[in-house]
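You will see two complexes here that share chain A, one where it goes with chain B and one where it goes with chain C.
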Partner chain A sequence: MFDTFLLEAIINGVLLGGVLALLALGLNLIFGVIDVVWICYAELVMIGMYTIYWLFVFYGLPLAVAIAAGIAVVAALGVLLHVLVIQPVLGSAPINQLLVTGGVLFFLQASATLAFGIEFRNLGLRMPVVEFGDMFISFARILAFATALVGVLVLWLFLTRTYLGTAIRAISQDREIMPLMGVDARRIYLITSAIGGGMAGVAASLLVLQYDVHPAFGLSFGPITFMVCVMGGLGNMLGGFLAAFVFAQFISVGGYFLHVEWGYVIAFVFFIAMMFVRPKGLFSR
Partner chain B sequence: MSHTPMLEVRGISAGYGSFRALFDVSLEVRAGEAVGVIGPNGAGKTTLMRVISKIISPSAGEVTMEGTPLGSVPPHRVVELGIAHVPEHRRLFPRLTVEENLRMGAFHPEARRRFRDRLDFVYDLFPRLRERRHQVAGTMSGGEQQMCAIGRALMSGPKLLLMDEPSAGLAPVIVQQVFALVRRIRAEGYTVLIVEQNIQQVLRVVDRAYLLEVGTIRHSGSAAELLASPEIRRAYLGL
Partner chain C sequence: MDRRILAVLGIVALAAVPQLGLGNYHLHLLITVLIWGFVYTAWSVMGRFGMVSLGHGAFLGVGAYGVTMLWNLLGLSPWLGIVVAVALSMLLALLVGYPCFRFRIVGHYFALVTLALGEVVRLTIVGLREQTGGSLGLTVEGVPGGTSLLAMQFGERASFFYLALLVWLAGLWVWRMVDRSMLRYALEASSEDEDAAASIGISVTRAKLAITMLSAAMTTVGGALYAQYQMYVNPETVAGIGISLQIVFAVIAGGLFTQLGPTVGAVFTLLLAETLRVSFGHDIHGLDGTVYGLLLVLFIIYMPKGITGWLAGRLRPAAAATRPA
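Let's turn to the complex of A and B:
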């Protein structure tokens, strides 16, 4: 018998995978180039969601303007994070770098609570639902998936077709000789941080259409994003991209067979088991 | 040949932490010359190259390129003055393709404008690289990688090519090919400063050479003089 609900779960998994892939790509880009994990990545997304919410609901700006501003704010936040927090610890032990971005995670969460309170807020938009035979797919999810894919494609073209993009890939392979190529590594770090932040901003604009924002929002996407990256092999962009879809299927289809919460349990159990079997990532070479 | 040298290294001392690798080293390279710096492993040859391209800063002394002191030039702008450095062990970006490696050599704005011309020039000089343009650099043979490393340096449109141990880690047959490459680079009119442990070979491609031992210049002279010097023959050529 053909199971429409299973198919719907699979499709929803693919749609979720698009946004996860975008987040994983941003985090992987930062790690690949700067060699630091932004543990607070999903908190940047949360700040982006609040920015869009605030500009749209409170100041009544058109949604497109609010989204553009939100992306710009998070990109600037990425640069600020690099200059104020990452740059001073670039030479320190990796555990210190991890802890320092962990500190930023709680700082951003606490600041958001202070500034916006703990209420769940949403844009108050009613997004249409697309009907497909017996299936109902949220338009916001389709939009998020399509935008995430376009974002991934644009990033890929940038990384492979431009001088700057090539330098971003090169710097992760041999840092020391970059000056011999005429490349100022500090500038590449700043640009990469802006792009990584901007991608968090794009993710924020997609998620704010589907979810309520609250100060702890990052906790529901941060750990997943990090695990997707580890599963794909930290710094391996293609691996992270594929792992995002694998992980999303676990959550979506696992949730369909049992209960929504079970989807996450199964996904994390799979992740832990994978750490024993393939600690360098599913797609490690 | 002009009277003022193209590259002037004067009184350089340098090291890493408390370790001093160079003591008061001076040398010069005139336009059109090929100059060698020879000496045993650990003599400070690579450190000297790194000081010239500003990967490290000297503790004393000054490097001047065509009258411009490098002291206040940021490291990533040295290449714009016409100095290209082929580093020891080639140091290609292993997961980039041949052509992407060459593109990195043409990163600075002036070089980008002339990317197409120079790419054709490098491909004509090394047709093998044209055949392998889409191959990932890390998968090529040592000799091919050396071609790519030299090609990458030429993409910046240099006047002076610094070559650090181009024969290191290569099989003897390939070493012959690499020195043939150096001859071709010379024939194209580039000024070359080359550092080598393979003294017998390098003295056949350079005009003059300096002998560097434990961070100090011990000897200098024409390639023929050094080849004939009893001291060098005994200590380095095993004759």
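Let's turn to the complex of A and C:
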């Protein structure tokens, strides 16, 4: 017998994959170019969600404006993070760079608790549900998936078709030589941080439509994002993109057969197992 | 003065502390410092060789939950439960560590694999809610009267203090043994250059596995001790990314490369948390985390060797300069 619910889980997995892909892309871009892992990436998303929530619910701004402001705020945060935290440790051991953003993770999560309390908050919007056969698919998820795909496409065009994008790709290939060719590494790093932050902002605007926001939100999405990036090969954007969909299927279908946590457990165990089979990422050559 | 005399004097002074008639509160702080100081030492045993684990919550969780569940469900004494939990943890460390080290998963990749491990254990605990109580946590079943050596439960805090003191001292002793062993040189060489280390006959995989399993075993003991002391465990406080990062923060703050560094880190974080709690009360959620996070960032940027490393550099500039970072 054909199982409609299983199909629904698979489709939801694909839709979740789109959001994960967007998250992974931003992180991969930053790692590929600056060679730093922002452990606090999902916390930036959380701040973006709060910004949108606040502007929309409290100041009554139109949703589109709130989202645009949210993206701008997170992009600015990305630049700030780079200037204040990453730049001073660029020359020290890589693991210090990882840990320093771990400090930022604590800081952002706790500041959010301080500022907004631990309540779960949502926009209070009722998003329509799309009925398809016997399946019910949330419209917010379809929107998120579509936006994620568009975002990926725009980023890809930017990286391959513009001068700045080419410079970014070049510097990710050779950090020492490119400055000699007249590319200002500092400026490229700043721009990359802004784009990476902006992508976190876009992800925030998509997630805020589907999930309640609370200070620990980053902790529930952060680890998955890293797993996706590592599984695809850190810095390998195409790999991260594909890995996001693989990972999302494990969570969604695993969660369908068992409890939600088991979906995650299976996904994480699969991740650990894959590290041993393909240590440099699923799609490495 | 000879360092050894100094150490003996220090231990005697510490052992005399419960006889001073301190209140329960101060004794509680001391016990907390000793338990966490031990856990942090366990982490630093491997962390100092550039093997940064963001998943030590996994081993802490196995210790805390393993011992508690064996006691609650099967009535197995925690003394034996610790042995079982340590064996489990070492097996876990072996299963994850062997491929990691064999395939040279280092740096960021290693940190993120261990992060996944910590989350796997936390989610497994939450997922097995029928047995573990899920996110609500689990209470260690008390014995009538509150004191039983067999159950590792002591009504008197002072008794638990001595147990914690012994374990902590054992932790420092292990640290010293590692510090003076050939293993240390093998691992320092490996952390600099694995190929070069292997070429002079160091079995890199084996050396790393040994230190990882040692660190995992110690952390498990710490987790079990913590559960027995608190009489309550919760997946968020003993497993997962939060506690794992807290361990890393405390060690970095205290100092990664000195024997007492992790303990100083435990004192520092506890004093910080208590000061904030006493001055601002429980009502302001998130204040301690904000300060922690900010300090962690500042420590890594301005004082990467931690409090003890900085002190050592101040006291003996020449000696500190020759030590490899």
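Keep this in mind: the second predicted complex is superposed on the first by the 285 of 285 C-alpha atoms of A that agree within 3 Å, B and C clash if a C-alpha of one lies under 4 Å from a C-alpha of the other, contacts with A are read in each partner's own complex, and residues count from 1 in each chain.
Just so we're on the same page, a residue touches a chain if its C-beta (ideal position, glycine included) is under 8 Å from a C-beta of that chain, and two chains touch if they have at least 3 such contacts.
Predicted model only: the values in this text are computed from it and were never measured.
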Inset, instruction - Using the superposition on chain A described above, determine whether A:107 touches chain B (first), chain C (second), both, or neither. - result: second
Inset, instruction - Go through the superposed model and pick first if A:184 touches only chain B, second if only chain C, both, or neither. - result: first
Inset, instruction - Please indicate which partner A:174 is in contact with in the superposed arrangement: first for chain B, second for chain C, both, or neither. - result: first
Inset, instruction - Kindly classify A:163 by the partners it touches after superposition: chain B alone (first), chain C alone (second), both, or neither? - result: first
Inset, instruction - Look at the residues of chain A and decide whether chain B or chain C touches more of them. - result: C
Legend entry - Which of chain B and chain C A:121 touches, first, second, both or neither: neither
Inset, instruction - Flag every residue of chain A that touches chain B in the complex, lowest number first. - result: 163, 166-167, 169-170, 173-174, 176-185
Legend entry - chain C-touching residues of chain A, taken from the complex the two chains share: 37, 85, 88-89, 92-96, 98-100, 102-114, 117-118, 215, 219, 222-223, 226-227, 230, 234, 258-259, 261-262, 264-265, 268-269, 271-272, 275-276, 279
Legend entry - Interface residues, chain C side, partner chain A - complex: 50, 52, 54, 96, 99-100, 103-105, 107-109, 111-113, 115-117, 119-120, 123-124, 126-127, 240-242, 245, 248-249, 252, 284-290, 292-297, 299-301, 304
Inset, instruction - Provide the residue numbers of chain B that touch chain A in the complex, in ascending order. - result: 53-55, 74-80, 84-85, 87, 91, 93-96, 100, 103-108, 111-112, 152, 156
